[in-house]
Structure formats: structure tokens, C-alpha cells
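When the chains are written out, they are named A, B, C, D, E and F in that same order, and each has its own residue count from 1.
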Amino acid sequence: MAEDTHTPDIIRPPQEIVDGLREVGAATCGGELKKLGIVDPTIGGPTAFTPGKVVAGPALTLQFLPIREDVYNQDEYSGPERQLHRHALYHTQPGDVICVDARGDMKSGVFGNMMLTFFQGRGGQGVIIDGCIRDFPIVKRDLDIGLWLKGVTPNFHTQTNIYPYAVNVPIGMNDTLVMPGDIIVADDDGVVAVPAKLGAELLDLASQHAEWEEFSRQKLLEGGHLKRYYPLSDEARPEYEEWKKQRG
Amino acid sequence: MAEDTHTPDIIRPPQEIVDGLREVGAATCGGELKKLGIVDPTIGGPTAFTPGKVVAGPALTLQFLPIREDVYNQDEYSGPERQLHRHALYHTQPGDVICVDARGDMKSGVFGNMMLTFFQGRGGQGVIIDGCIRDFPIVKRDLDIGLWLKGVTPNFHTQTNIYPYAVNVPIGMNDTLVMPGDIIVADDDGVVAVPAKLGAELLDLASQHAEWEEFSRQKLLEGGHLKRYYPLSDEARPEYEEWKKQRG
Amino acid sequence: MAEDTHTPDIIRPPQEIVDGLREVGAATCGGELKKLGIVDPTIGGPTAFTPGKVVAGPALTLQFLPIREDVYNQDEYSGPERQLHRHALYHTQPGDVICVDARGDMKSGVFGNMMLTFFQGRGGQGVIIDGCIRDFPIVKRDLDIGLWLKGVTPNFHTQTNIYPYAVNVPIGMNDTLVMPGDIIVADDDGVVAVPAKLGAELLDLASQHAEWEEFSRQKLLEGGHLKRYYPLSDEARPEYEEWKKQRG
Amino acid sequence: MAEDTHTPDIIRPPQEIVDGLREVGAATCGGELKKLGIVDPTIGGPTAFTPGKVVAGPALTLQFLPIREDVYNQDEYSGPERQLHRHALYHTQPGDVICVDARGDMKSGVFGNMMLTFFQGRGGQGVIIDGCIRDFPIVKRDLDIGLWLKGVTPNFHTQTNIYPYAVNVPIGMNDTLVMPGDIIVADDDGVVAVPAKLGAELLDLASQHAEWEEFSRQKLLEGGHLKRYYPLSDEARPEYEEWKKQRG
Amino acid sequence: MAEDTHTPDIIRPPQEIVDGLREVGAATCGGELKKLGIVDPTIGGPTAFTPGKVVAGPALTLQFLPIREDVYNQDEYSGPERQLHRHALYHTQPGDVICVDARGDMKSGVFGNMMLTFFQGRGGQGVIIDGCIRDFPIVKRDLDIGLWLKGVTPNFHTQTNIYPYAVNVPIGMNDTLVMPGDIIVADDDGVVAVPAKLGAELLDLASQHAEWEEFSRQKLLEGGHLKRYYPLSDEARPEYEEWKKQRG
Amino acid sequence: MAEDTHTPDIIRPPQEIVDGLREVGAATCGGELKKLGIVDPTIGGPTAFTPGKVVAGPALTLQFLPIREDVYNQDEYSGPERQLHRHALYHTQPGDVICVDARGDMKSGVFGNMMLTFFQGRGGQGVIIDGCIRDFPIVKRDLDIGLWLKGVTPNFHTQTNIYPYAVNVPIGMNDTLVMPGDIIVADDDGVVAVPAKLGAELLDLASQHAEWEEFSRQKLLEGGHLKRYYPLSDEARPEYEEWKKQRG
């Protein structure tokens, strides 16, 4: 869809890595990334507005700036092709996740129903905003995309203090950097931005999770002691081996 | 019910305008009000605590001030007729919405179960508070009114720092002015205060929404392009005309 | 379980008082405690993440401090027996509630799935944190404990700025003091810390709630007036007596 | 000056009480008021912008509300007589202190140079604002009034979000109630609002400060021990008596 | 100095406009800009750390983003030529003002003594940061540039959470847009960003200030009434004419 | 003075290290500590209230907790020997610095004039509080200790929400850990907590500052280029050698 816009596209990571990280989930991605040197890859602020949804995909990014009337003084529907929040969505490919630096603003709804319908129609799967959307009642009822937001509002995207300034540039969301093409992993724990070049290594690391964890969890739930079962102690290992055997 | 209280009543808007605006919803009310010159009619802060509820009605208002012990030093149940949060509710008529400037306080529950039961018994339909209620577990289970709040708390209304000071006066809720008699429109997007004298014009404006929107939405959901369908382009108009004809 | 740890245990209150206060609920506990001289016993900040859960039980406490690399510079799983958030849980007895001063931190998940599974396995019933947990998707799906939190996060407990420093010491949660052994009462209204030595008196006070309240509530719901029914006026008393007789 | 305005005037306290409390200072007024039942009479937020100034006087009050364009949509100089921040100052008598609830707003300058010049010309001595003034460079250079503010700004009073709504009504400044006619005592420690009817009792209480305090302070400065000298112990009393005798 | 860096330079406004606006001062610039359609040109947050300084000049801009270790993981002095906060200063010409979007961060000192010495050596006159500098004791003692900051800190520029990302791009400072080449006017009232293309018109408008203001100010200081002297009433005009004649 | 209190004393570092670090100053201490692995040793929040003061010394610590009326319900002067903020000061030895975790509270003045006079009488040199003192007008006029505070207030130490709970324990100040016996270095840049065991190494590292810095600074002030002089380039080295020779 690059021909529809003058803004740059992103490079998308291999689908199998994206799919693997979706399986892994945000918490394990976040924890293991620390071992790879990324201290805090979590995008603080936005929380799950579509509980139960799990999303992983490459990040399209959109940066808002404060409005100043000599630079931006437009109505909701005026000169739509000059509005960059549209252009951000023109890049949408199936599986994409749009990440928006809305400056933490709680007074403007970055996207409304029509934009989000287009996004879903193009295959977009997740929306992460350091701010709000509008038309939440309709979006919740009619669409099937994942939403991680700071809130919702009746106001439209440029109604108060912010306007869309740039597409697919590095952005700051709260205290976290998001690069265009990062692999976003989001679930009910929140949102993690995985640097694309660390995706494969992270997936590898995350799948090394000890196979005894399922055994330990069961034991803990039955009242077993942390010291014995988590991490698995040498004393409990024969018990675990037996359990494995039983299970087949 | 005006005989029960020394506080002033409000002037209520025509029911058909209120009903019309409820159909319109908060997002369209908010967006269109900007075109009528009201930059930001949204009451920031309170969010939907009764998801799915849609409410429109005239605003009763209640203003809290900080407690000072020489001015207000009362217990929860002492001298009930001197407590103005009761008087605010004495004005309730069917369809009314009570709006409370609770100074953003998260430590006092402005209304509890009994007050809200009375409010519902009198026909009240919505409660908007820049602060909290208490008895939320019971209210959620037993009552059927809409709640837009900043939070809930076990504390009662004057337990910590605020007391009810005035009824049906202009109030500030967060950064937004609410006048007694404003038409409040609230849904899962949040809360909009519509100036009563703008109600008819707003309803008129809001109903001019292009009839092609339903068509466009369907097309966008199928993967159609924003440029073509939103707003409806000249290229797509014949397609739309055809769709209309098909539909009958 | 005291033999597993060098940290002090708590003194637990009589079970019948705990059970009684659970029946009473957070709002009445909070309101009545003011009459006993505790102005604001509510732990502000944490809200219900398991709606509908009602919990009462003695408080285990856990204090976090800011990380400094010369004092604490550990990985998620290194030297587990040196990590005091484990020791806090070693004290768990059936019905216990763990209260954590996590300094309001939104970037570290104090407990994850395995810790919380152990806690439930030992009979723990409630978790109150001035901060976050991680693994919320799994916890919500698999466990049955009550959670009152400020949020959730993919990060683990020492991933960013805090580490567990002390167990079963007095802690500050937001603006509220929690003593080890306090009786915590938590529901959808929020969390109240009841001083153990006030438990019996509070229970006594809370059960004196006028028996006319149920009558009044029914009347209010039918549109009866606050002045007549709440508190019950002398005029309405014969009506109430009649209602009681009818009811048997 | 009451003839210049339709807004109510205040009742001013006896001058000797005001003068006495100025001598006492904010810290002692604040501390002793707690003994008289006023837990927290301090106006948090505003700090001293004219270091060294000490002010005491009766409170004129001014309340701002959020701007809404249908209610207030004026320029800086339009219809000056309709602007209530002027009317608040019309009441100024020598020694008065103006207290403004500016909603904590950091974007509008409540008064500028001309207003403050008028205020000083009429004998006004202090300005307390939960917000900002503008023209601070000129005011600092040319005027001699005391200023306790949250900040300063180049913007004028209705440039962004607030407009003056009421004069000489009870106001909330941050978390503190200020009544018209309260005795304001302000110095580099901050601002205390003394309820007028407590003025005489407070002055009496504050002047009972033990005469040994000067002695104790001198001893402490020389390295004497708190236990011995503050409060004055029985052991140190003979030493104090001797010191008094020496002093004559 | 453009040859020293790959980052873009700015276009500087005519010196006489800059000099004129410095005379006008921040408050008048801010107020008059509203009449030209710029609602809120004030950069909120930074305050005067060099009281008495008045500065006007074209804006060099510098944008920080949150650090992520795969993108930026450098020491204070490593690879200096890759650090963009140096490049921002390479553009310095006499009279320039550097404006920094430091994301409101209070933990990193954007510039230290050496950088600021270089800036002064090149003729730079003002530093506006939505954040902090370090080495403030030395800078205050040895340099003569104007500083508008949110604070100071011992930490260096990338010690905690932010790194310099772009030079001479549009930036958001708090809630205000700053464009490269804007005319910054800063004094003890704060900082105003004047759009370059409005500079001449603003200067023209600001110099139309009524010549009676000086007269009115004197009268107000002597106790004259606002109604008569501000704005100058018809009744007072003959008095003013007389005053003008006297003055010569 | 340990005999006066049941609270633990601290271990004090060698005086020459303390004196050396005072020479070094907060900024260099903070920056160099990052190289020693302490990412952020700066105590955010408190700022210099005695501009120009430079202080270094071992940390006495004092921890406040939220007041609850069953645990702490005392007057300003009641039972002074039970008030732990006194005991913290009993440990004072010449050169000590008292660090207080006052929970960021802006409503209670941790120390007043008498306490601070005692502290100075005993040789205390610095006071660092994540909160406020009271009696600031007198303290500023009569005492000669350094103060780093968040603010000042007329209220006394337990007037609102906090009470002193522990002495010479590890405390969190804002986001920073302070251990009893840390070497505090404070000046107009702010406050750094140096881990005692890193003191010698830090002093060594800090004194390795290149001797060319003075030369470079002079050159930069004359308009020399950063690239050439900071850090000193090979091209500029002969010039520097010449400068050194000239200087003798």
C-alpha cells in the first residue's frame, strides 16, 4: 500500500518469530529480554481494553505533537489526505500493530470507528496508544482488534491539544522507546516492544523454559513448598522424573 | 420536590432533544459541539463503571469544598437535613443526571447505597462524579443507574477531606464547566456536557451525518481503502448509489 | 511454616471476628472505624482486579525499597532463598492476606504465577499490592485468590527499581499504615485495614445496624422520600412496624 | 468601595488581632490551630515569591471556574466591568489579602501588573493564588506587596482554561477551605488561614509560649542536649532561673 | 559552523525583530499572540534559573527519546561525535537560544559545564530545557547565559532514561510546540515561542500599547480607581492630557 | 551520644574521604558512580534551600510512616522522648548529615527551629528531606546548616499524615536507596548518596580528571570548538602543552 503515501514503510520480521513470541506471551518476553540486556522493554501506561486478546506483530508507529494554530488548525474531516494518522494506517498489512505516541493525552481520541474499521479491514490486529481512542462503544461491539490504551474519550483526534506529525519514526511511549518494525507482544499483562534483531534469540531463550515448571505448578497448587518445587530442588527431582514417566 | 429544600431547582430541556442526543451518543455530541464553538465539552476523569449504559438527561449539580473543622465537623448520619448532598437528590425528577464536583478526591464516597437507591426510586438515571461512591458491590448488584466515576471507596462522603457545599450552581469537574440544566450525554466513551441552549442545534447537526457512512463502513471492513470510502470519494459514489438501490 | 524462614511471623486474630468482618464488608468497616477513631483506614490506590471477590484475613506484610546496585543486583531466579518476597509467602496460613508496600511502582511485577500458585496452595486468599503483579492472564485463568492491585505488568519483581527488603514489619501503603496482623477486609469497594485490637468492637458496632434499613431501602426504591425513610422518621415508624409484622 | 460592585464585601477582624498574629508568624499559628481543632489550616501549593515578606490580613476571595465558550469567551481587555477579578479588587481596604482559587492552573496569570498596582494603591498587602500571576519582572521591581503563588506565566488571566466566577464566597485552595474574612498569615514558611472567630483565642494561646524557649535555644546552639533543654527539664530549671536573673 | 555536522541548520529571523521582541518581554508577547490566533504560546514547565535575565533569539531545537540498550548504551564521554546534543550546539550563532525536549525528565542533566561553556563561547544566550542541566554551581558562578529549566541534577545527560535523538526538528516541550527558528522570548515570567512568520506583526501589535498606560499606572499606585484609569476612561482623559502636557 | 537512645548508631567513614568528596562535588560524584556500577545515586526531589552550601558527611537516617490513630495520636510536644525524630538527632556528631524519608509529604514539617538548632549545636552540617521543614524564616536567619528539601510548611512534624518510625535503617528517598552511613554529597546540583565502601575508589576515580580540562574550558569560553578541545584532540595537544609550559 506504500504507493498511497509519502511516508516510509517498515521492515517486517519473519512470521514464525512473530507467531512464536505470541505463544510466549508478554511476561516471558519482558523477563527474558532483561537477560538480553534490555532492562525495561514494557510500554507503561496503556492497559488492555479488550481483555483476553493476545497480539503479536510488527510496529507501525505514529508520533503526535502539540497543536499550534499557525501549524495545525484543522477540523475533524478537513483535508483528510493531509492528516498523517490516516497515512500511518495506509501501511497496514495483515498482522500489523499500530503504536502511537499521543503524548499521554487524555483529551483527544487518536482513532475513531471508521479508522479502526479500515485498520481491521486491512488485517491490522492491535492498537497501542499512549492516549485514547473514541467511539469505543461501537468498536467494542463491531470490531475484533486488540486495544491497549490509557483511556477512551468522546473527543476526536485533534479536538484539543495534539496533531499527528510523523509516521514510522522512532517514538517514545511513556518511558519506552518503540522503533518502527519492533515486534510488539501484548496481552492482559500489558505491552512489550521486542527489538526486531533480538526476536530470534528471544524466542530461543524463551522456549528453554524448564519442562519441570508444569510439574512444579501442580505441586505448588496442592500445597507443595516453594523451596522444594520452585526452582525444582535436587530432592524433588526423582519425584518429578516419576511424574514424567506416569504422564507418558 | 422543590418544597423539600431551600436549594434552587434547574430548568429541564425538552424531552425530545434529550432523547435525540441519547441516540447520537457522546462521541458525536462531543465532536459536533466543537463545530458549534465548544472546544472541549468532555468531562475528563470519570469513566464508565456500568459498561454498556447510555444515559442522557439534565444536570443537577453538587459542589464539594475542603472540610475545615470549624465549618463542618459532622458524622456520617448526624443532622441529615443539614447535609447538602441529600438536598441535591431531593430535586431528582425522572431522567435526571447528578453531576458532582468532588474535587477529584479519591478518599471519600460521595454517595452510598441508600442515597443512590433513593435517586433511582425518584427516576434518576445517571451519576457523574469527579471522585468516588461507596457501597459499589451493592449498587452494582441491586440498582440500575449509570455510573461514571473516578473510583470507588469504602469511606463515606465526609470521612476525610470534603463536604457538600452547594446545590445547582455552576461547577468545575476536572477541567470542564458544568452548568445546572446542561444536557449530560454519557456512554462507554465518557461524558459530554451539552449547553442546554445548544441542544436543538446540536441534534440537528448530528443527524446530518452522511447516509453513506453505513456503506463506507461495510466497505472498509471488507478491506476497502480509506481514500475511496472515507469520506466517500466521487469515484465511489456510483458504487454507493448502486448499493443503496440494492438495499431498497 | 515459621521454620522455613528467619523472618518473624504474625499473630492471627480469632477466626469468628475475621468471618464476621467479611460479612460486614469494607464500606461498613471503613465507616464504623471512623467512629472508633481511625479517620481513614482505607488503603488507597489498589483496586479490585478480581471483581466480586470478598476477602477478610490477617495481614502478612512485605516492604520493598529502591534498588541500588551495590545492595541488590540480582536476576529473577538467582539465589531464590535470599529473596524476601519468597519468605513473606512462607508464612502463609489458610485465610491469610499478603499486603505489599511496592512504593506505588508500576514497572515491577511483585509476584508472578508460580509465587501466587504457592500462595493459593498454602491457603492464602488475598493479595493487596501498592503496585503490580505479572502473569495476570494465567493467574486470572487458573487461580482463585482475590487481587487488589494498582496494575499488572510483564516485568518481574526486581526488573526495574525495587527489591523486597523486609517481612512482617509495619508498612505504608500509599497514605495508610498497615501493621502485620491487621485484619484486612477487601471487596469491590476497595481495601480496609482493621487494627486487630479493634476487631471485636468494630464487629459489635457494625452489627448494630438498624433493622429498619432493609425496610427503608425497599421504600426508597419504590420512590419513598429520604426524609421519611432514611434515617427512619417517627412518622414512618408505624408503617415500619406494620411491615415487620407482615413479614413475620 | 462597595458601591463599585454588586459583589459582597467581607467583615474585617479587629486590627490588634491581625497585628498580633503577624508577630506570631505562620508556623506558630498553624501549630497552635491544631490544638484548637483545625487539623490542617495550611494552604498547600503556593510558596513565597517575595522572600522575607510577612503578611497578615483579612481574606478577600475570588473563585475561578473552567472556561466554556458559550459562557465566557472574552479577550483580555473586553468588557472590563464584567470581569470579576476586577471586582474582587474593588473591595480592597488597607491591609487586605486577596486569596484566589485558580484551580491550580499553571497556564493563566490571574493578575498582571496593572491590577496589582491598583491593589497596592488601595492598601492591599498580600496575594495568595493557587495558580499564577503574570508581569512578575515588573511587579518584583516596582511593587511592594507579598506574593504567595504556585508560579508565574506570560499568559493573561483568561488566556487558556479559567475565568473569574465569584467574589467573596468560600473557596477551596488546594485541599484547604478559605472563608471570606479569614485572617491570612503568610511568611516564608507558607500560608495559614485562621478562622476569624478563632483569632483572639489563637493569639492568646500563641503568646503563652514558654519564656524559657529563648534560653533553651541558646543552650542548644552551644551544644546543649535536647533532653535537658527542650522542653526545659526540671534539672535545667535552676540553670534557667540563674540565666534569667543574670539577664535582668 | 554547518560544516561540522550532518544535522540541519535553522533560518534566523531579522535581528531588529528579535531585538524588538526582547524589549516587549514575554508577557506582552504571550498576550498579544493570542490576538494573532496562537492560544497558548507559553512553554510551561521550565522556570527562570537566572533571575533577571531577559533573552530573545532564534530556537535551535534538540529532541531526546527514551534510552533502549540496543539503540543507545553509551558512557558519558564515549564516541562524542555520535552524541547529538553536541551537534545541536555546533549550530550556535551569536544570540541563539537552544530549546530541548528532554521529556520532562528530572533524572538526567542535558548539558554540563563544558557544553554550556562552548555554547557561551559561540555566542549562545539562552537555554530552555523541559528537564535539567548539571554542574549548576559552576555554571552559575562562571557563565553568563540565561537558563530556563525544570531543575538541576548531578547526573549527566544519558545517565538514566533519555538520549539525544534529533536536531532542529519540531519538538514538543510540555504541551507546547516549538519549531526550529521560532523566536524565543524569555524572562522571569517564563518562556514564549513566537512563530517566526508572526514576529513582525507581533512586534507591530505590541508597540501599539496605549501611551496612557504609564499615566494610569502612576495613578493606580496613588490609589486611583481601576474604573477610571484602566483602561483609561473618558472622564480621566482630560486629566491624562494635562499630565502629558506637564511632562513635555 | 549513643547512651541517650535505644536506636542504633552508624559507622562513619574516614574523614579524608569525606573531605575529598566534598571537593569533588555532587555532579562528578554522581557521574563517576555510574562507572562504578551505581546507575542513579541521585536523591531526586529535594532541592537546595540554602544556595551555595556544599556539604559532605555520613548519613543518619530517619523513616516516617503514615499516621494511624491507634498507633500514633500525639501532640507536638507530648511525650517527647517517645518521638523518634528526636532520637535520630541524638546520634549527631560533627559533620553528620541527616536524611529523612518523609514519604514526599508536603503537609508536615519534619523538623522545626529547636530541633535544627540542637542539630547545629551538635555539629550537624546538612539536612536532606523528602518532604518539608517548618520555621524556615528563623532557620534561614539564625542557623548555618545546609538544607535540601522538597518544601517548607507552617505545620509541625505530625500535624497531618506522618510520624517518625525508625532511626538508622535503610530508607527509600523518592526512587533512591539511602543506607545509614552512606556518604552524602550535596550542593546546588542536588544530593548524591555515595555507598561508604565505594568512597575511596570514587575519590580516586574522580581525581583522575584530565588536567587539560581547565585549558579546554578557557578555550571553549574564547569560542574554541568542542571537537578540538573537548575531549582534547590530538591536534590541540601541542597547543595545550605550550599553555602548560607558559603557566609554569
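Everything below uses one rule, namely that a contact is a pair of C-beta atoms (placed from the backbone, for glycine too) under 8 Å apart; a residue touches a chain by one contact, two chains touch by 3 or more.
Predicted, not measured: the structure shown is a model, and the values here were computed from it.
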Steps needed, at fewest, to go from chain D to chain E via touching chains: 1
Touching both chain A and chain D (chains): B, E
Rotation, 0 to 180 degrees and nearest 5, that superposes chain A on copy chain F via CA atoms: 180
Identity of the chain that, by mean CA position, is farthest from chain D: A
Which of B-C and C-F has more C-beta pairs touching across its chains: B-C
Numbering shared by both copies at the chain F-chain E contact, with half separating same from different: different
Averaged-CA centre spacing for the pair chain E and chain B, given as whole angstrom: 41
Chain C and chain E, separation of their C-alpha mean positions in angstrom: 50
Where chain A and chain B are represented by their mean Cα positions, the distance between them in whole Å: 32
Centroid distance [mean C-alpha coordinates] between chain D and chain B, Å: 37
Contacts with 2+ other chains: residues of chain F: 39
Interchain contacts (touch definition) - all pairs: A-B, A-C, A-E, B-C, B-D, C-F, D-E, D-F, E-F
Residues of chain F that touch chain C when the two form their complex: 37-39, 41, 65-71, 73, 103, 161, 165, 170-172, 175-177, 179, 195, 197-198
Parts of chain B lying in touch with chain A, wherever the complex brings them together: 25-27, 29-31, 34-35, 39-40, 42, 44, 47, 54, 187-192, 213, 216-217, 220-227, 230-231
List of chain B residues in touch with chain C within their complex: 4, 75-77, 80-81, 86, 89-90, 106-107, 109, 112-115, 117-118, 120-123, 134-137, 140, 151-156, 159-160
